[in-house]
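Shown next, in structure tokens, is the structure this report addresses.
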Amino acid sequence: MDAKELIARRIARELPDGGLVNLGIGLPTLVSQYLPPGLDISFQTENGLIGVEPLPEEGAEDEYLSDAGGRFIGAVPGAASFDSCFSFALIRGGHLDVTVLGGLQVDEQGQLANWMIPGRMIPGMGGAMDLVTGARRVIVAMTHTARGEPKILRRCTLPLTSVRRVDLVVTDLAVLAPTARGLELRERAPGVSVEAIVAASAARLILPADIPEMRLAG
Amino acid sequence: MHKMIALEDAAALIPDGASLLIGGFMGIGSPHRLIGELVRQGRRNLTVIANDTARPGVGIGRLIDARAVARLVASHIGTNPVTQQQVIAGELAAELCPQGTLAERIRAAGSGLGGVLTPTGLGTLVAAGKRTLDIDGTTWLLDLPIAADFALIAAHRADYRCNLDYAMTARNFNPMMAMAGRTVIAEAAEIVPVGVIPPDAVATPGALVDHLLRRDAGHGR
Amino acid sequence: MDAKELIARRIARELPDGGLVNLGIGLPTLVSQYLPPGLDISFQTENGLIGVEPLPEEGAEDEYLSDAGGRFIGAVPGAASFDSCFSFALIRGGHLDVTVLGGLQVDEQGQLANWMIPGRMIPGMGGAMDLVTGARRVIVAMTHTARGEPKILRRCTLPLTSVRRVDLVVTDLAVLAPTARGLELRERAPGVSVEAIVAASAARLILPADIPEMRLAG
Amino acid sequence: MHKMIALEDAAALIPDGASLLIGGFMGIGSPHRLIGELVRQGRRNLTVIANDTARPGVGIGRLIDARAVARLVASHIGTNPVTQQQVIAGELAAELCPQGTLAERIRAAGSGLGGVLTPTGLGTLVAAGKRTLDIDGTTWLLDLPIAADFALIAAHRADYRCNLDYAMTARNFNPMMAMAGRTVIAEAAEIVPVGVIPPDAVATPGALVDHLLRRDAGHGR
């Protein structure tokens, strides 16, 4: 199982039955592939739809229906479409149960940076700042390191996406829960030691007595 | 009221240096005919307010390719490397604005409201130089309305009274922009008789639309 | 012709071709009966419709369609319905060309009072404050006096509806234009003398050399 | 997700003293079944936020008749003499709010915004005790969001996923209220299979609705 699949399968277990969920572009999108059977989740895309599903087959593209990355998608029976103001009213107004977003850095305060690298990459924040600020629960999905460099830091060095503390960070090595006291190591990826996680992190981690292996969905 | 206008005439209303609200999200729901004609007419020095600049050769990306845009307010430009290059080279002044805030700022302008009090962006780069407001112990960021000389709108259907509807995620920023442009120019994939769009399905009442593109030789993408 | 009809016929001439117009409950509603032929006006009602027309015949009432007074109305072909936020975005956002409203008092500043009489009548302002503040042009339709008492005053004694200066006041005696210099008497009702108008007003009126009789529509 | 609820059970969720956003304009688009059941169950001391109180015996007027309401926020009470009497007698505390401001305050609450910056009411009684904000030389009145424990919504149709649509002027305050109630209870004139309300026609997505009244013996007005 590759790193992305592992992260997506672990996050799939976090989605609440009946919930309204927004999955960011890229890795987070994979989460919808691994939902536990019987779970009733409505997926929102911030460009204006509740009821996202993958395009049923090639050739069925609707030129008026895409996800936030501009890729053609499908819609479930009972989908609802709306404008951008309404979409972000859902997000900012606390109606979105969970957002799953990629990350560049997360720090001991549980703060996330994921929208720019000054001087090098200025994609813009898109909906990320609203999502991190407004969703009831924010889950960060990212690899634990990038090109060998830690992404779990004492303090983010990149511009923050929001000052809000995210709720959960799931990487290919670990599940971390940001708390008022700091980053708590909750779970290890299968076969990964606590020592390896600590070594791959540049933040102080709170280590409970019991740090079980992740259970994965799907 | 006669509101139908030829593509060439519609684009000619827009002078160099004008500010434009342009609907669409990654090209989905963008006014492709108007964009193409602005490029063809060689418009320069435009200010564009839009969610994104799509990709090179697509949607608002065509205005970027043509170097028609001098100033940009958008939430995301990461999908268009040409935009990135022009910004990094200092040829294009870009203000990045959180997507939900951008939508509300446009809505505020069209709704006669003085600003948007949002939690989004507080304590981040986005808050630099902006006022904050403390209300009963909670801090809010004050973002200001964004109006423009023109709003360029892409609808799904327009009826003879210029009532507009939109389809699926092609709606996005179009309805708010139709309220915030001093002149509103719409194009529609279909023009239909009055009554085809029932009152409850109208998303932009015709009263907001100044000009509707004729279905003429320029139709289609 | 009674006073109300006179006022309505005069105001009907003020509506711009192609305009979006809101008519208040009561006297202002009469204006729509006297539109000059060929004039294309869209009537808005603030509870959520552009395209108001009278109910075509009794028995055709739609229980989901009323004017702002709760009376059943009809809708023209090409009507559009919307929620209250959108309706007032039209009004406050400057998209409404004209509003015609009743009045209790108008003063030399051109300010209008029409929503309450302290201690006696507290109906509430409904949409009036938004309409007077936001419409591009505000026309007041009212009788010149009430039970012999002037309603055109130096200063309103009742609570103001808005500090905005209204654009035109049409009464059964006169047409008055509030200006930066004060209330200008523009027209006389048929057969009414300038002296009679001045006598029925408790405000100083600016009197131009020529004060013609009203021309009426319909 | 099972959201269907019997009328009696729905009203029983609402305790004495609760705050309620109630849709409707002069009874058009009000949740008449829920209102009737609250009266039948003898609910007291309610805070009601609504555009108006209709007339005696009609819509929210029935809650007024039953003396179920202790506090009211509305834009207009002139059509209901019973409301007037209760206010003048000091039995009912009423806050009058301009209609457009009321709609925006409810929308702000449901949209996570900190307030409404409006020109409406500036310099009038309505501005008493409120903050004003000067922005680039223009003064705005700050009105605060209004949320409530419950939103009682009347839809035209609901589908099995609780997606709602509204008809004509019965839409009015319902869509905003469906975003600003901590618990949202909807009743619909019709309950229809999924797909009958197309995605573009949904005004309130089912995700916002906590409970939908069963079509049971209590149906109809």
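Should a chain be cited, it is by its letter among A, B, C and D, assigned in written order, with residues numbered from 1 in that chain.
Simple rule for what comes next: a residue touches a chain if its C-beta (ideal position, glycine included) is under 8 Å from a C-beta of that chain, and two chains touch if they have at least 3 such contacts.
Predicted, not measured: the structure shown is a model, and the values here were computed from it.
Visitor: Indicate the lowest number of steps between chain A and chain C, counting one step per move to a touching chain.
Guide: Tracing touching chains, the least step count from chain A to chain C comes to 2.
Visitor: Could you see whether A-D or A-B has the larger number of C-beta contact pairs?
Guide: Between the two chain pairs, A-B has more contacting C-beta pairs.
Visitor: Distance between chain A and chain D based on Cα centroids, please, to the nearest Å.
Guide: Taking the average C-alpha coordinate of chain A and of chain D, the gap between them is 35 Å.
Visitor: Distance-wise, how many Å sit between the C-alpha centres of chain C and chain D, to the nearest whole number?
Guide: Centres of chain C and chain D (C-alpha means) sit 29 Å apart.
Visitor: Averaged over CA atoms, how far is the centre of chain B from the centre of chain D? Could you give it in whole Å?
Guide: 33
Visitor: Give the residues of chain C that touch two or more other chains, as numbers and ranges in rising order.
Guide: Answer for chain C, listing residues that touch two or more other chains: 49, 75, 81-82, 85, 88-89, 91-92, 134.
Visitor: Hunt down the residues of chain B that sit against at least two other chains at once, touch-wise.
Guide: Answer for chain B, listing residues that touch two or more other chains: 104, 107, 111-113, 118-119, 166-168, 171, 199-200.
Visitor: Using the touch rule from the top of the page, what pairs of chains touch, sorted by label?
Guide: Going through each pair of chains, those in contact are A-B, A-D, B-C, B-D, C-D.
Visitor: Considering only the defined contacts, which chain D positions touch chain A in the complex?
Guide: Within the complex, chain D touches chain A at residues 1, 107, 109-113, 159-161, 163, 179, 194-195, 199-200, 202, 205-208.
Visitor: For chain B, which residues count as touching chain A in their complex?
Guide: It is residues 25-29, 51-52, 54-55, 74-79, 84, 87-88, 94, 96, 98-104, 107, 118-126, 156, 166-176, 203 of chain B that touch chain A.
Visitor: Which positions of chain A touch chain D when the two form their complex?
Guide: Touch residues, chain A against chain D: 17-18, 20, 40, 42, 44, 49-51, 75, 77-82, 85, 88-95, 134.
Visitor: Under the definition above, what is the set of chain C residues touching chain D in their complex?
Guide: Listed in rising order, the residues of chain C that touch chain D are 45-49, 62-66, 68-70, 75, 81-85, 87-89, 91-92, 116, 121-130, 133-134, 159-163.
Visitor: Which positions of chain D touch chain B when the two form their complex?
Guide: Result: residues 104, 108, 111-119, 133, 135-136, 138, 140, 142, 144, 165-168, 171, 199-201 of chain D touch chain B.
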